[in-house]
Amino acid sequence: MLRNSLILLVLLGFAAAVFPLVHSYEAKDTLTGVAEHYANYGKEEVGAANLVSAVVVTYRGFDTLGEVTILFLASAVIGLFLKVSETHTKDSRSVFFKSTEILVTASRLLVPMIMLLGAYIFINGHLTPGGGFQGGAVIASAFALLLLSRPQKQFSHKLISVIESISGITFVFIGLLGILLAGGFLDNHIFAMGKFGTLLSAGAIPIIYILIGLKVGSELTGIVRNLKESQKVG
Amino acid sequence: MQLFSIEYISLVVGFLILLIGIWGILTRKNILKMVIGFSLFDTGTHIIIVALGYVRNKTAPILDQANLQTNTAQKIVDPVPQALVLTAIVIGLGVTALMLVYAMKLHNEKKTLNIEKYNDLKW
Amino acid sequence: MILLLITIVLGVVMLIAALIAVYNKDMKTAIIAAGLTSLFASVLYVLLAAPDVALTEASIGSGLTTLIFFYVYNKIRRNNAQE
Amino acid sequence: MVAPIYIIATLLGVAFALGLFGKKMNSMAGLLSVVALGFASFISLEWLAGFWLYDRAAEYIYTAGFKPPFSINLLMGKDEALFTSLINIAGFFGTVYLWDKLKKIGSNGYVTLMGMILGLNVIIMTRDLFNLFVFLEISSIATAGLIIFSQNLKTIAAGFKYMLATGIISGILLLGIIFMYYFTGTLNIDDFLAVHSLAVKGFGVAVFFVLISIVLELKPFPANGWGLDVYESADSGIAAMISAGTATASFFVMYKLLPLGTPQFHMVLAGIGLATFIGSNLMGLKQTNPNRLLGYSSIGQVGLLVTILGLSEFLGERTTFIAYSILISHFLAKAGLFWISGIVKRSEIKEWAVLRNNRLLLILFGVFIFTLIGFPPFPSFFGKWDLVLNMASNNQYFWIVGILIGSLLEGVYLFRWLGYALKLDNAEMPAFEVKWNKVLPIAVFGAATFVVGYFVSSIHPYAKIINYIPLAVALAFVLIDFLPVYVKNTLAILAMAYYYYYLYPTLSSFGAVFGAIFMVGGIVTLIAGYAFKGQRRGFYPFALMMFAGLIGLIEAKTTLGFFYAWEVMTVGSYFLIIRGKKSMPHALSYMLFSMGGAYLMLAGFAIASVGQFNLDMSTLSHVLVHPTWVFILLAVGFLTKTASLGLHIWLPGAHAEAETDVSPMVSAILLKAGVFGLVTLFLAMGDQLIGGDVSVIYLLGWLGAITAVMGNLMAAFQEDAKRLLAYSSVGVLGYILFGLSLMSHLGWLSAVSISVTHFMFKSLLFLAIGGVVWRVKTKEMYRMGGLIKRMPFSFFSVLIGIIVLAGLPPLSGFSGKWIFYNAVMAKEWYLQGALIFFSGMIAFLYTFRLIHSVFLGQLKDEHREVKEAPFWILVPQYMIIGVLLYFSAIPNSLLKPIGKIISPYFPTGGLEWTGQHAVSTYGYWNGLVIFYIVIAIFVTVLVWLIINNRKAQKVKQFNIVFAAERPFKPETSHYAYNFYAHYRKAIGILVEPKITGWWEGVAEWAHAMGDKFRKIYNGNGQSYLIHIMAFIVIIYLISFGGF
Amino acid sequence: MGTIVTKILYALLTLFIVTNYGLILSGVVRKIGARVGRRHGIRFYQPYIDLIKNYTFRTRITHGIMYYIGPVFRLTGGIGLLLFLPVIYGSPVFDNFSFAGDLTFVLYFQFFGVLGMALGAGESGHPYSALGVSRGLAQTTAMELPLTLGVLALAVQYHTLNIHEIVAAQQGSILHWTLFTNPLAAIAMMLSFLAMMGRSPFDVVLAPQEIPIGPPTEYHSALLGVLQLNRAIFPAAKLILFMNLLFGGATNWGELVIKTFFIYMWSVFVGIAYPRFRVDQSVRWYFGIPLLIGVAAILVVKYF
């Protein structure tokens, strides 16, 4: 009990530390600084309708590169952690429960729909809200549903890692192209800027987002698959 | 400083969830509960980030309508925190997934989820 | 004004869900409560004019995180049962 | 110049490509990643060369084609180039080291490693705060991955704690970043530096959160349990990467963000750093697991670096020099030590004796230990020197004391570990198998310490003028260590002789006298080296290193040169002493006392340098601030070397346990280094007063007198012959100290002449007794006896030695006593004079005991066939005897030149010489006439006795009047054990080892404190998190609570 | 060259006189001791007879070189001490070789003989001789402290270490003797004189009952003869030294005989009155009163 009250004390101290931050906060009425520049010149400089995607992919493209590396590292470490067996062992019963009839038929209908939605999200990343990450996550959830409904179905680990690597390498390659052809690493002017608002606009952003979508999708599926088939490592 | 505005409430709620998350981490002995505490801590931070980016009665930073495309600085919310929070959420996922796998492996070793049992490395 | 009301309600519900997630003995309800908090958070983001973030939070924050939680929880339960 | 962005592009590209490699192509993947890391190191080294040699301008790299703050930019400046090359080199050699382990793990392992190096590189180069957060996260996830390369309970638990801790820290960092963005509207570090003092209190708190999370990343003292577990459990190769890589990178981040903090926060930072440095070194005392011990030491060193950052406004532009020299030494040494630990794979530091199976690794282990602690010729020596000097110039004495105590504590456990490795027996331990890919990185880093050491000394303003030739010659002897003894011995003697010939004209005043003792003495004692057979590996480099240090003392023009030579001498002598069989504990106490003394001297020189234009030795004569303190510090520093009472406990063991020809070197020559130091100090600073009237030199006089008496008293009660001689050295050194503190012509004449004579008779005695011990294989005097019949030459040299030591008239010992009597009369220090005479009397006790128990009395059965001491040990003895007799017959050949040297400093009260007849103000003395008369009487009486007693019949050993009985066993009738039992009954209480007891008490207390502190780390991951949160709250309250 | 030869002849003359005086003195004192004990006592010339007896022994043994040379050291020490002392004040004839060494030299030269004796005794291999030597050395160190303090006080008082000048300063009336001008120093030195003479309270070194005759246990015949010769000269030399330092030296042999006789009687009287001390008792005793007196002597001289 003493320990909890001590922790409470520490938490109150932390709250007191955070209080001036909260206290001196009031909502701004106009954008200032960097955001103002992005807002006013985003359209000309990057040409993406969805300003957040513009910031994510081009302005702070290096962050996204870092971001993708994090997921890649996370799945690598998880792969490292769980000694995943290549061969499909007979007794890998479903983690949850025997998949029921309803789940199988529903999944047969839903899975393609979800995948279509995911693809739409990351293809139109620069126009509508969403982007590579969200699209990838949706696709991963589609695969998760697939895994739930058909536990004995086996994914080839090879395929997932190949997609992952290829999309990663191409992403870096596009970044390098940025140096050779355009202003700097990860600059999106390497491809035609196209007409603002249309599908093929904003230079490299859609291509990058597609790559990110594929990569994130495969990584998350990889993680889920590793969890499902990981042997009980003594 | 209006107390009752959307962003201030969400900021306060964000901090409260953050504190609850930390409380969960520091007091619960069960490892899974700690990881849950962690995900709450992350969610709280994300709420704060987005709340900070909010500009009163402005629309989302998507320039789909024509009128938004001229002097957009006065019409949209701050896109930068949203970009940052996007990355933060995915980082949160990566870290949480890794922690859960750690938790699973720890459970394999000593068949218990109580953090106090894992004190072989001390002094 | 209506938005203000909704935010307050959302805030309160999220706090309750967070407390359940921390204090509830049964792990399953705790995980679900955590998922709920992030779900309500994504709704809050929509209110705060951040659609991208809402979509991410919904799919990753509540969706995948909860999924992984359940995977691991069940594996641990099965592992426990085997002993 | 390849653009730095390619570092990131190659690392990332290869990381992603590794996914394509299947299970079978592991070695291919390994090769690819090594090539990638090699290319990255090449780029950063190329930039480093560009900056430091051709000093190019720093270069900004823009991403996304937009100017900052609108996009993320990276900087490749002079510092970034250095740090990225350190990281990449660590990565490259780390991968080479972990080659086989990575091959077992497969492509995921390579990916994690590449991810880690990539993360660290970007952390160093990035100028964007959020980008810093992202890549910090990458490196922490990669580290979490690296930890579980070897999957067992410990690594997984450590990994989990690591994840929890870094999770919270990065969460708080994110919070801080986002609020900084909210207040300033930008994320670029350069913009923050420009605007950093915003009126709003909130901004200050946001900056605080960012800075505190970076500090937590550096594992500060109370909140670093999680760091230690990682170091202990992780595979040593990984721990090397973490300790060398992550610590360097996070230090650089701290250095980058330092200007954001308020000056008050800097002081708090310095406080945290010092607490970490002292705390973790204190806890290091109790560690037995090598990796955990290295973890403590690594956290301690990072703490020291944080302190330096905190004190940067005191250190001014020297901060970078100091920080980088200490950082690079830490980087090289810590990586090397972890790698060696990876090869040795022992969980107990006592089992490291197995290291002796591989000579190269043992040498490298020693090199890394000395690099870590900051001995010359390694880089951190200059770093620590500048640090203490600059702090003294801002009279920040509190920090100096803290830093020196911390480094002393670190010295304790590191030298104890080195002692275990060198001396504990490793008979039953199976040897470890060594693969080239593990040894290569260690060897490269070992060589790098020397190269960097030389480079750092070449850019240091005062280090340039130190004469490195003697040290270089000593190190050169390492190369020819495989030659047989007689070749190396001749070479060493020739080198010494040539250097003495080369140096002689330049030596002036006391340098000439002490130069003669050091070099001529060195040559004489080296001659005894011919008696040894085989190669005697490891002796000559360190012997010459000691002599190089001694020569350096004389040649030193600057205080830095003096201190450099002093430390070189300590290193050389440490390795000489530890060669003895049972010498490990004594060598350890010797090194600790020397380090303590050296640090006092360092503080003394630092305070002396305040307000001076240069570091010349002459600055000691006009010290501007606290001259008394400078005097006391330096004096005590020198006294640790002359083993005055209280600081003497290391001497008996060190001299007694050393090898036959090392004992005379260490006892007769090395102690004179302290005397030379005192001479320079007394001449430069003259007398100092404490509190206006108490003269320090008066106190030193009393100390000298008491040491003389106690030293001789303790010598009288020793059973071990060499220990007896060692204590007698303590006595004579006390006598010399008293002579010097008389501060009069005669006082100094007696002190300096006694130091010369002491060198002669002490090396004579040690060589003779060494020869006896060599034959008889025991040092216990009561086990010997009657050896005059078997070893007459040794007997004669010991006889001459004790006559000179006791100061009996015909021989030169008496000259010192006579001059001394006059000096005491002149100075009117009668009571101390009487004490010194009493010590002279006690000299008779132990000299007789020595010669009686060893040579006279009954010859033991097992020694009936023992041969005379080896020829080459007798040769130097009889050379010395020749010189002694010459000086006894013609005393003014020694005393007049010394008198001439002293007279410029003490003109009045000298001796008038007419031929060999010396007249002083009080008495007169004619050495030559006395010598002739005594010899004449002796001869006449001898002749008269021979005439009367010509048919004397030699009787056998047991033919003695023993109550009409015939003693059968020599043991019963050899009266030697506890020879002065009755004397001990009378004044034995004076000689109880109270001082040793006190020092052991101090050591015990320190260990108990260490033990109490380390109980904080109770192994519970949750409590570590509570420590972190509590740490944040406390530091917040200190920084903002207005304490 | 001539002066050297004459100096040596004069020295030999002094040596002859003092040796005979020493022998007769020890004989007479033993006779007085006996007569006090109401015994007839030995003939006063008994020491001559012992000397001749030892030299005419037929069986001669030696235990080794050092054993052989030990007595030579001993006698050299005795003779040397005597020859470096100015025996008769003022007469060029009898101040022997005192021009070579001053008071410090004399103090230190005492030990030359002691060391020689110790080495010789050690070589003999007899445990009792070694025991005797250890007792002797321990006791002398204790005795030496008050002596040194006394001599220091004396030297400071007269501002010289030259024995001639000390004696010169004490000429004139009895009141000029150091005994009266510096009583504390004199007492301290006289107390340590007891142990120097090795008479009763401090004679554990030679302790006839316990160990035959201490260090020289194994010696006999010519070697013992040399030691006996020294036992005559060495005490006489010390008597002369104390006479010069404390009792105003002697201008002629008659005065010398009387003064030395009474100094010697001082140690005899104390010897008879007190039982024998063990070594640690004597060491502890010397660190008590005599040491304090010595320190007092120093302080007195230093500050007044």
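In order of appearance the chains are A, B, C, D and E, and numbering begins at 1 in each one.
Everything that follows uses one rule, which is that a contact is a pair of C-beta atoms (placed from the backbone, for glycine too) under 8 Å apart; a residue touches a chain by one contact, two chains touch by 3 or more.
Here the structure is a predicted model, which means the values were calculated and not measured.
> Suppose you hop from subunit B to any chain it touches, then on again the same way; how many hops at least until you reach subunit D?
Contact-graph shortest path, subunit B to subunit D, evaluates to 1.
> Which chains are in contact with both subunit A and subunit B?
For subunit A paired with subunit B, the chains in contact with each are C, D, in label order.
> For the chains other than subunit D, what are the connected groups under the touch definition?
A, B, C | E
> Out of every possible chain pairing, which has the most C-beta contacts?
D-E
> If you average the CA coordinates per chain, which chain's centre is most distant from that of subunit C?
Centre of mass proxy via C-alpha means gives E as farthest from subunit C.
> How many angstrom between the C-alpha centroids of subunit C and subunit B?
11
> Measure off the straight-line distance from the CA centroid of subunit B to the CA centroid of subunit E, and report it in whole Å.
Spacing between the chain centres: roughly 101 Å.
> As a quick test, compute the distance in whole Å between the mean CA positions of subunit A and subunit E.
About 108 Å, centre to centre.
> Taking each chain's centre as its mean C-alpha position, how far apart are subunit C and subunit D in Å?
59
> Can you list the subunit B residues in contact with two or more other chains?
5, 7, 12, 22-23, 26, 52, 54, 60-62, 80, 82, 84, 86-87, 89-91, 93-95, 97-98, 101-103, 105, 108
> What are the residues of subunit E that contact at least two other chains?
Residues of subunit E never touch two or more of the other chains.
> Considering subunit A alone, which of its residues make contact with at least two other chains?
7, 10-11, 14, 18, 25, 34-35, 38, 50, 52, 59-60, 63, 66-67, 70, 73-74, 77, 81, 129, 131, 133, 223, 227, 232-233
> For this structure, enumerate the chain pairs that meet the touch criterion.
A-B, A-C, A-D, B-C, B-D, D-E
> Going by the contact rule at the top, pick out the subunit C residues touching subunit A in the complex.
Contact set of subunit C toward subunit A: 51-52, 54-56, 59-60, 63-64, 67-68, 71-72, 74-75, 78-79, 82.
> Please output the residues of subunit D touching subunit E within their complex, sorted ascending.
For this pair, the touching residues of subunit D are 786, 788-789, 792, 795, 799, 803, 806-810, 814, 817-818, 821-822, 824-825, 828, 830-831, 833-834, 837-838, 841-842, 844-845, 848-849, 851-852, 855-858, 922-926, 929-930, 933-934, 937-938, 941-942, 945, 948-949, 951-955, 957-962, 973-976, 979-980, 982-983, 985-987.
> What residues on subunit A touch subunit D, complex-wise?
Against subunit D, the touching part of subunit A is residues 6-7, 10-11, 13-14, 17-18, 20-21, 23-25, 32-35, 37-38, 45, 58-63, 65-67, 69-70, 72-74, 76-77, 79-81, 158, 161-162, 164-166, 168-169, 171-173, 175-176, 178-179, 182-189, 233.
> Where on subunit B does subunit D make contact in their complex?
22, 25-26, 29, 31, 34, 38, 41-42, 45, 48-49, 52, 80-81, 84, 87-88, 91, 94-95, 98-99, 102-103, 105-106, 109-110, 115-116, 118-123
> If we count contacts the way the header does, which residues on subunit A are in touch with subunit C in the complex?
Answer in residue numbers: 50, 52-53, 95-96, 121, 129-131, 133-134, 137-138, 140-141, 144, 220, 223-224, 227-228, 230, 232.
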